[in-house]
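Just dropping this structure here.
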Amino acid sequence: MNVNFSDLRQRFVALRENKLFETFVIVVIVLSALVIGAKTYPISEPVARLFQLLDTGITLFFLLEIVVRMLAERRLRDFFKQGWNIFDFVIVTASLIPVEESQMALLGRLLRIFRVLRLVSLIPELRILLSAFLQAIPRMGYVSLLMFIIFYIYAAVGSIFFSGVNSELWGNISIAMLTLFRVATFEDWTDVMYETMSVFPLSWAYYLSFIFVVAFVFLNMMIGIVVDVLHKEHQKYERETGEGEAGEVHWIREHTATIEQRLARIETLLEERQDRARQ
Amino acid sequence: MNVNFSDLRQRFVALRENKLFETFVIVVIVLSALVIGAKTYPISEPVARLFQLLDTGITLFFLLEIVVRMLAERRLRDFFKQGWNIFDFVIVTASLIPVEESQMALLGRLLRIFRVLRLVSLIPELRILLSAFLQAIPRMGYVSLLMFIIFYIYAAVGSIFFSGVNSELWGNISIAMLTLFRVATFEDWTDVMYETMSVFPLSWAYYLSFIFVVAFVFLNMMIGIVVDVLHKEHQKYERETGEGEAGEVHWIREHTATIEQRLARIETLLEERQDRARQ
Amino acid sequence: MNVNFSDLRQRFVALRENKLFETFVIVVIVLSALVIGAKTYPISEPVARLFQLLDTGITLFFLLEIVVRMLAERRLRDFFKQGWNIFDFVIVTASLIPVEESQMALLGRLLRIFRVLRLVSLIPELRILLSAFLQAIPRMGYVSLLMFIIFYIYAAVGSIFFSGVNSELWGNISIAMLTLFRVATFEDWTDVMYETMSVFPLSWAYYLSFIFVVAFVFLNMMIGIVVDVLHKEHQKYERETGEGEAGEVHWIREHTATIEQRLARIETLLEERQDRARQ
Amino acid sequence: MNVNFSDLRQRFVALRENKLFETFVIVVIVLSALVIGAKTYPISEPVARLFQLLDTGITLFFLLEIVVRMLAERRLRDFFKQGWNIFDFVIVTASLIPVEESQMALLGRLLRIFRVLRLVSLIPELRILLSAFLQAIPRMGYVSLLMFIIFYIYAAVGSIFFSGVNSELWGNISIAMLTLFRVATFEDWTDVMYETMSVFPLSWAYYLSFIFVVAFVFLNMMIGIVVDVLHKEHQKYERETGEGEAGEVHWIREHTATIEQRLARIETLLEERQDRARQ
C-alpha cells in the first residue's frame, strides 16, 4: 500500500512538472479572469447559468491542482515552506467558502478576482518583479513614515487654520490629509489654494512649501529605490557572467590574488638562493 | 545584356550612396509631410489640385527611389533582409493602393501620413533612438503584463462595487479600466473619488493604494529601462574607446593577463636554474 | 555634595540610554500627535478637558525628559553642541510659552504640532533621511536661484503683456509668478493659455517654452540630487564593506601597492646578485 | 601718451578683478530686476519718475561697466572671443536703443528684463549650470525631432478624424498639435477623449498609445540627459581628485603600467644571467 502511494506521488510530481499541465493552468486562470470580467457586463439568464457552471468548474480545477501539488510533496510541511504555495493555498481555499447569502455574494466575487494573482505566482518573470517590489519595502517604510509625518503636520496646521474657510476640505485632520494628497497630485490644487488665499493671503507659502517638500521626498523614495535595486541587479549579473565592468573588476581581483601568490613564491626562491650563496 | 544590367546596377548603387540624392529624399519626405499638414487647413480649389499633383509626384518619386534601391542589390532577397527596407517597402506600397471611394479616401490619407516615418529610417541618429526603444520592449513586456493584471483586478473590484454609483465610469470592466487610467494620470481623479466616497466612505483607500502601486510600477518600468539602456551604452562606448572607468578597467584586465604570463615565464626561469644548481 | 551630584548624573545617563525610556518617549510623542489630531474633530466638553490635562502632562514630560538629558551631560555646553539637541530644546521651550489669549491660542496649538518632529530626532533612520535632505541644500540652492530667475523673467514678460487680459492672474509680478507655478504643475494651464491666446495668438510659444525650460531645470535638480546622493552612499558603503564593485576596486588598489613593493624587493635582490657576479 | 593708455588699462583690469566692484555689479542687476518687478504694480507719478531716473542710471552704469571691461582687454577682439562677453554686450546695447514711441515702449521694457540674465554670466555656479544645459542640446536635438515627428503624425491623424467632432481642438494640424501637447500634460485630457469617443468609440486607443509613446520618449530625453551629464561629471571629478571608484581605477591603471615595466626589467636581468650561465 505504501509503495502504491509513493508510486502515485511520482505521478503527481510528473504531472506538476509537465509543461503542458502548467500551460493549461495558465489558460484556466486567464479563463477565470475573463469570466470575472464578462460578469460585469449585462448578461442574459442562460449565459449567467453557463458562467455559474464555468465558475464551479474553475474552482474545482484549482482545488484539484493544489491537491496534486500538495500530494507531490514528501511531507505536507514542505508544501507550506514556500511563500508562493501559501499564497496559492489562501487564494484557492478562500474562493471555496460557500457564500450564498445576497450580502456575502459580493465577498465571494471579490475573492474570485484575486485568483488572477495566481498568474504572478506561475510566471517566473512576474515573480521576480514582485519580489523586487517586496525587497524595496523596508527602504520604503522609513521614507513613507517621514512622508506621513510631513502630511500629518501640514494637515494639523491646515485643519486649524482653514477649517473655518471650507470644512469639507479641512474639517478634521483625516479630511485635511486627503485634501493634501489631492494637492500633492496637483488635482485642482489651485482651487483649494485660491479659496484659502481669499481669507489668508499668505497661505500660498503653505501650499508651495508642501509641494516642494513632498515632491522631493516622493521622488527620492521612488527614484532612489528603483536605481538602488537596478544597481544591485546589474552588479550581481555582471559578476556572475564576468561580463561588463563589475565582471571585469571581479576577474582582476581574482587574478591579482594569484599574481601575489606567484610573486611570493618567486621571492622565496630568490631568497633561498641568496642564503645558499652566502653560506 | 547581362553586363549591361550589372553596369546599370553599379549606377544605381552610386545613386543610392550619393549624399545629394539622400538629402533630396529627405526634402521630398518633409515636403510630403508639409502637404499632409497643409491639407488640414481649408484650401481653395486650385491649391487642392496643386496638392493632388504634388501628392502623385511624391508617390511616384518614392516608388522610383525604392525601385532604385531594390535594383542596386545583387539579389532582391538581400533587399528584404534589412528590417528598415521592409519598413520602407510596406509604407511605399501601402500608399500606392488606389483608394478613390469616398469612404476609403480617409484610409488613403492615413497611409500617406505614415510616409513621414521614413525620416526615421533615413536619419541614422533617429534609427538608433528607435532601436533603443525596440530593445526595451521585452523588458517592458512583463512589467506591462504586471500593470495590466493590477489594472484588471482593480477594475473588477471597482465595477462590482461602484457600478451602482456611476455606471458611466464603472459600468463594466473595460470602462472601469479606462476610468482607472484616468485616475492614474491624476485627471480629475478626486471627482471620481468624492462621488464613490459619498456611498462607500472608505473607498479612498482603494484610490490611494491604486495610485501608489501604479506609480511605483510605472516609474520602475520607465526609469528602469532608461537607466538600463544608458548603462549598457556607456560601458560599450567606454570599452570601445578605452576612455572612462569601464575603458580603464578593460585596459587593466588585459594588462593583468600579460603580467601573469610574464610572471609565469620568470618563475620557470628561476625554477630551471634551481634545478640545475641542485644537480 | 559634589559626589552626590555626579552620582545623580550617572543615573540620568543610565536613564537616557535606557531602551525602555526611549520607547516611552516615542509613545508620548505619538500620543501628543494623536491629541493634536483628535482636537480637530468636534469634541464634547469633558473630552476637551481630558485633552487639556493630557496636553499639560505631555508638556511637563517633555520638559522633564529634556532636563534629564541636559543633566546627563558633564557641562551644559556639550548639550547644545549637537544640532538635534538644539532642535529638541527649541521645540520644547516654545511649547512652554503660556498663550492664554484667544488670538495667541492658535500659536500655542501650532507650536505643539511641531512636537511631532521630535520623532525625526529620535529615530536614527529618519535622522539619516533628513540629513541627506540637508546635504542636498547647497546643490539645490543654485538650481533654485536659476529657477527663480527663469520664473522672474517669465513673470515680468507675462505681467507686461497679459495684465490687460486677466489682471487676477497677471496683475503684478508676484501674482504672475504664482500663475506660472500653476502652469508648471499643469493645473488648468490650458485655461490660462486659451485666455491669453484669444488676445495674443502666438502666446502658446510663451507657455510651451516655459514648460520645457522649467521641466528640464526641475527634473535636473530633483533627479540630479537623488542620483548624486545615492552614488556617494553606494560607494561609501561598498568601500567600507569591501563588497560590490567599488569595494573590489579598493581591494585591488591596496594589493597593487603591495605587489609593487614586492617587485621592488625582488629587483633589488637580483641587481645585488648581478653586481656580485660582476665583481 | 601710449604709456598713459597702458597705465589706464592696468587700472581697468584692477577694477574688473576687484571683488567689491563685482559685488556692486550684482547689486545693480538685482536693483534693476526689482525696478522691473515694481513697475508691474500700480505706481504713483513721482515714484514712476524716480524709477525712470533709476532706469537711466542703471543703463548708464551697465554701459560704463562693459566699456571698462572692453578697455581692460589688450585688443577689442579678445573681448568678443568669450561667449559670455558677447552675451553681455548684446543685452547692454539692446537696452540702449531709444524706444520712445508708445508701441515700441513695450519692446524697451522687454529688453530691460533680459538684463536679469546678466546674473547668470556673473555667478560662476550658474554659468556651470547653464553650460551643462547647453551641452545637453545636441542630444536633446534628435530626441526632440523624434518627438516632433510623433506629434506631427498623431496631429495629422487627429485632425483628419476629429476635426468634424470639435474644430476648436482639431481644426487644423497646428491646433491639433497644441491639443496633443495638452493631452501630454494630462490637462483635462479625458474631456477631449470623451468628446471624440462619443463619435469614434475606439479613439481611446489613439490617446492611450500617444500618452505611452510620449511619456517614454520624454522621460528618456529628460532622465537620459541628466544621468548622462552627471555620470561624466562624477568620473571627471573622481579622476582628477583620485577619490572614489573611478579615481582608484585610474590609479590602478597607472601603477599596472609601472609594474609591467618593472617585470620587463626583471625578466631581462634573469635572461641575461641565463645566457651567461650557458656560456
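For reference, chains read A, B, C and D in written order, and residue numbers begin at 1 within each chain.
Note that a contact is a pair of C-beta atoms (placed from the backbone, for glycine too) under 8 Å apart; a residue touches a chain by one contact, two chains touch by 3 or more.
It should be emphasised that the depicted structure is a prediction, and the values quoted were computed from it without experimental measurement.
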item: Distance-maximising chain from chain D - centres being C-alpha averages; value: A
item: Equivalent-chain rotation between chain D and chain B, CA atoms, steps of 5 degrees; value: 90
item: Fraction-based call for chain B against chain A, same above half, different below; value: different
item: Separation of chain A from chain C, taking each centre as the mean of its C-alpha atoms, in whole Å; value: 28
item: Residues of chain D engaged with two or more neighbouring chains; value: 186-188, 223, 227, 245, 249, 252, 256, 259, 263, 266, 270
item: Category of the chain touch graph - line, ring, star, complete, other; value: ring
item: Pairs of chains satisfying the touch condition; value: A-B, A-C, B-D, C-D
item: Contacting residues of chain A [partner chain C, same complex]; value: 142-143, 145-146, 149, 152-153, 156-157, 159-161, 163, 171-174, 176, 186, 188-190, 204, 208, 211, 215-217, 219-220, 223-224, 227-228, 231, 235, 245-246, 249-250, 252-253, 256-257, 259-260, 263-264, 266-267, 270-271, 274, 277
item: Complex contact set, residues of chain D against chain C; value: 33, 36-37, 40-41, 106, 109-110, 113-114, 116-117, 119-120, 123, 125-126, 129-130, 132-133, 178, 181-182, 185-188, 222-223, 226-227, 230, 234, 244-245, 248-249, 251-252, 255-256, 258-259, 262-263, 265-266, 269-270, 273, 276
